[in-house]
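Structures incoming, each one as structure tokens.
Consider the two complexes below, in which subunit A is the common component and subunit B and subunit C are the respective partners.
Right, the complex of A and B next:
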């Protein structure tokens, strides 16, 4: 029962299934011979059984633990009176995401409607608990407002360049804003950071700071005629890649304070800062190899053409090499980032309470014994939502950039 | 061809040596090229003709000898190199357009970034260039959406956008389908008639005979013979030249 038609990525799985069935080819092939019929029936049984089991689990699971601990899952034991430090970043993220998606990605109506639906459901679920639902809903509205603004600004008023500048500035300022808000005034120390918030911050910093570093490392490793730079960058990459992340995390926790001078401000309390440094370095080493692959795929003729019209090295790099190299390796880059995001769960080993550790602590409580599966499924779901968004985003970006390249 | 505006020597090469490992690609090559001259470089493959023109804008660094372009000597000073490269345009066999940029951006990029021209002016200049090579309607497309002949014409427009004094052509039609060769040669012919100094490596003998003021014949890293097209076709002196001409004509 081979389905010959090319899968069309613009349709959902369900739509594709229906289409495949409507396709006379598949319709006739599902029950073509006795073997076809047998395979179809067996598949059907497996699917029904799986759906039934999942459905039963969803209905009968002890989900109370998720609702009770929802706050800890998100932000650990971050003090209530300081939560205002987190929300503005969320809203800013929503706003720039809304703007950017209208400017560059143009999601279909279906995506928008399902996002709206998901947002409403989450808001509704949280509504009876506290005012965070309102803040969440506010973020959602900001995102939609940004989308609408950029959409009509583009189609009706030709304001795209203005919005593009705002969106780019927003992305650049997002993490600095977040850090400023988290550290100004009498902010809680990083010891209080926890939950999904910690995973997201660690991954975001490692990606945003690590990637430019990776580009520098990759350039160093591919450089011609400067053996000292080549040796230095190659050893850095190979040494960092040579040991497991856990080893580096322990190193950051216990050894780094002795190596770095004290004016670095890394006192015993700042485990998170040290973890950030380790993750930046770790991510940079891996990403450097991805970027190197992209740089090496660029034909020599591109360098020669750039040289022949009088570009300097940095102009060639910025205008010709990096745009092509990074575009070519975008799928591998996203792959690396997804891996890194999930690796942030390892920080529990150096006593940072991330979202997985919150879960583990929760189902070990007497009140919630026997809820391990529910908790793990929920944590898995959170990770899946983030990584799935990342992979979809990269797919969209690839489609947008793909024009004219191959 | 065109009346020479002056006898000013714009490219001076003396005793140029170039090695690739143990292989000597250029053996003491000397040549003077005057402003407005169209020079066609001939020779069997591996004879050093491409290497010679690539030394002029230093895509290849020569090991010994002297190269002076428009009064600027090629030396270790990278500012000299930058200056020379913005005065010397080059067209490659494989076009080497930038695939991630539109045709218009391919042409406008160098004036914008190297000459710091405002975007609007650079784009006007680029459109004028694309009109000159006959494909203004392709401006918003990407290079891969164009035919080979069109891509090569964009490459010529890109080089011309820097308003160079000298144009180098490294086998510009060798990668093209036969029916696209003419459109590229037509552009080059127009360029030659406008008085541009050109050095062309090509195997298109009919075209070469028509536009060239002078032929340089390379063999085994040396200039074996030089002279007018008439000299070459009617009265070649060296045996090596006669053999080559008998093989390609």
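Right, the complex of A and C next:
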């Protein structure tokens, strides 16, 4: 019987801890045998040492560089007067996330409070209550408002279907809105893009454009009776998967500009667009393999059932194959996306200034020499937060879909 | 109209039409690209481009003009051909990948088993390891290890030298050097008779294997302990040592040293022994720990996929935890483990290309430098693609063979 299942507020925290220790298997485990005791003691020493080292690093590290360069970390050298192009996307993202999490995920109060706390700490540390802090806070409150709206709309007024439609529309419109805002009017060229913003955009575009392409490739590879299409898609997938991303990025830099046709000025396309093309193709080939796993897991009877009720190919695809296949491979799909997001750090090789490159430039400056570890740990933390929450999200979605339980 | 739809619903015709269209589109795109290549007016940066005729590789015979270090068996200098430079880079990649595969497998196996431990502390520690390392980009981890190693290791001018002393007897002086230029450890240097000795030792090895097989058969037939390991090993060692003495030391050990060059000994470097460079070490440590977090998930998944009855049966037989692991769980888990493990190895081999970030001279480094010097980027990219495809095919064929063996014999 653990303490969680029987909360009793009459006990003090210390008493509760003692009870938790008595209840848990810790008591029976930590000092079970001599070996266990030895491991426990060694772990204790390591933990104390690690806490001490980390604490010392946190206290004595020169974190000024991160405070000074906070803008560059987020958006590179994007001009100040154009930052308004970015904020609406952030707000929209916050609103849609709030709506969807209330509709489909139902995080507890604890998650919301910690989110709020993290948001305030971030805005305090990095934005120091200037106008950016207000904009950030605005985004946070929009998110919470969306959550509350969907929550109470569901419990009090039964408005879930409406909100679900709004949320889905929001997710679909998010990337187009972002692109329109970034390119409309006399926008700064993509040479000015940088920072975490570029990592997020590259990953988002590669996922949104690459996944449908991947579905097409996977269908081509698993199709029966069309050997030419099978050979073409298989060789495309295998060739793209054959070389590392770095090699493809070099190709994007040196070969792509002179083999692309000159329509729409494609061969004058700047480096970000070329990176996008490479990442889309790369992601499509890898995701195709994931999707293929899902397609192959579908029993033959499903195809036969679809044939027997006279579905056309596209009806079978839309109503029978894809829902089951994508559902089955959702965890691997999210893993692939996380990997892609991590791989966007490699774009520095074709001189895109992503967040890691901003960091490297920062600690190579004379003013900030000797701050390499601080910068790298900070950038690592940024990535860790995003990818870790993505993988937690996928676990939650898996639970809600009932994957692995039926 | 009716005949037209009938035409479309005849599956043979439909297949022909659909496939024909797809092939036509691909051919059209291909022709377009080739046409674009020939139309060199569009070229933006002539220095990096190729020029017709395409996909000819004569330029690889020219002088490379770059020196690659980190070589174990051979370093190349700037007078060697470009082909040699690329092959040396490929050799560096292969060396890195093979060390990494060993390191990451062992580490991943330990962590994966640790995540399933009954002991709370070990379980939590391994989970923490996986959750942290899996979620940080590999490039960033390489930078962090590079900074950490660079900060902690001393400069070569005051490199740490390790001696081996035995009760005051100085057996080996300056046995190992540690500095930020890497480790230098003693290594073997071949003399003129090395080939003969290798031949003799190889024959002895084959003979020992045959003897072991014979003894094993004898033991199976007659019972008793026929010392199936002891005799073959003894015979192999004896023949090798005698051959070594008779051939007048075909190889000798060499301890590393530090040489000074430049004005006033300003530039110092290792000489002799084997040098494991700081870059090599950084990548092995960083990518090894990183990939181990993925391998541990594979190990954990395949152990969890076994029926719980297997471990329980082992318990019922009174096997210890170690015996249960090595005799019951791992041999069975290996069957589901091998296919994803092969994928992971291929991924890791491709990931070694990140090593260019800290200046390790792998195949990407070599090809990029040559491409910068000589152009011909299309041809060089093709070569790079072929090299990586060959490595991936090699790994997957080895893993397929292993898979076949495990499925057949169950180890």
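Quick notes on this one:
In the analysis below, the second predicted complex is superposed on the first by the 371 of 406 C-alpha atoms of A that agree within 3 Å, B and C clash if a C-alpha of one lies under 4 Å from a C-alpha of the other, contacts with A are read in each partner's own complex, and residues count from 1 in each chain.
Note that in this section contacts are C-beta pairs under 8 Å (C-beta built on N, C-alpha and C of every residue); 3 or more make two chains touch, one makes a residue touch a chain.
Computed from a prediction, not measured in an experiment: that's the story for all the values here.
In the superposition on chain A, A:39 makes contact with subunit C only, while subunit B stays out of contact range. By the touch criterion defined above, A:239 reaches subunit C but does not reach subunit B. Within the superposed three-chain model, A:320 lies in touch with subunit B and out of touch with subunit C [touch as defined at top].
Legend: residue contacts after superposition of the two complexes on their common chain; A:343 is shown touching subunit C, with no touch to subunit B. By the touch criterion defined above, A:380 reaches subunit C but does not reach subunit B. In the superposed three-chain model, the partner touching more residues of subunit A is C, compared with the other of subunit B and subunit C. Of the two partner chains placed by superposition, only subunit B is touched by A:309; subunit C is not. With both structures placed on the common chain, the touch criterion links A:301 to subunit B but leaves subunit C unconnected.
Interface of subunit B with subunit A (complex): residues 57-59, 82, 85-86, 88-90, 92, 94, 96-100, 102, 109-110, 113-114, 141-145, 158-159, 162. Note for the complex: subunit A touches subunit C at residues 24-26, 29-30, 36, 39-40, 43, 225-229, 232, 239, 242-247, 250-251, 254-255, 257-262, 267-268, 338, 342-343, 345-346, 349, 356, 360, 372-373, 376-377, 379-380, 383-384, 387-388, 391. Taken together, the subunit C residues at the contact with subunit A in this complex read 11, 15, 18-20, 22-23, 26, 32-33, 36-37, 40, 42-45, 48-49, 118-122, 125, 131-132, 134-141, 143-144, 147-148, 151, 350-351, 353-354, 356-357, 364, 368, 371, 377-378, 381, 384-385, 388-389, 392.
Every residue of subunit A that touches subunit B in the complex is listed here, in rising order: 299, 301-302, 304-305, 307-312, 315, 319-320, 323-324, 327, 403-406.
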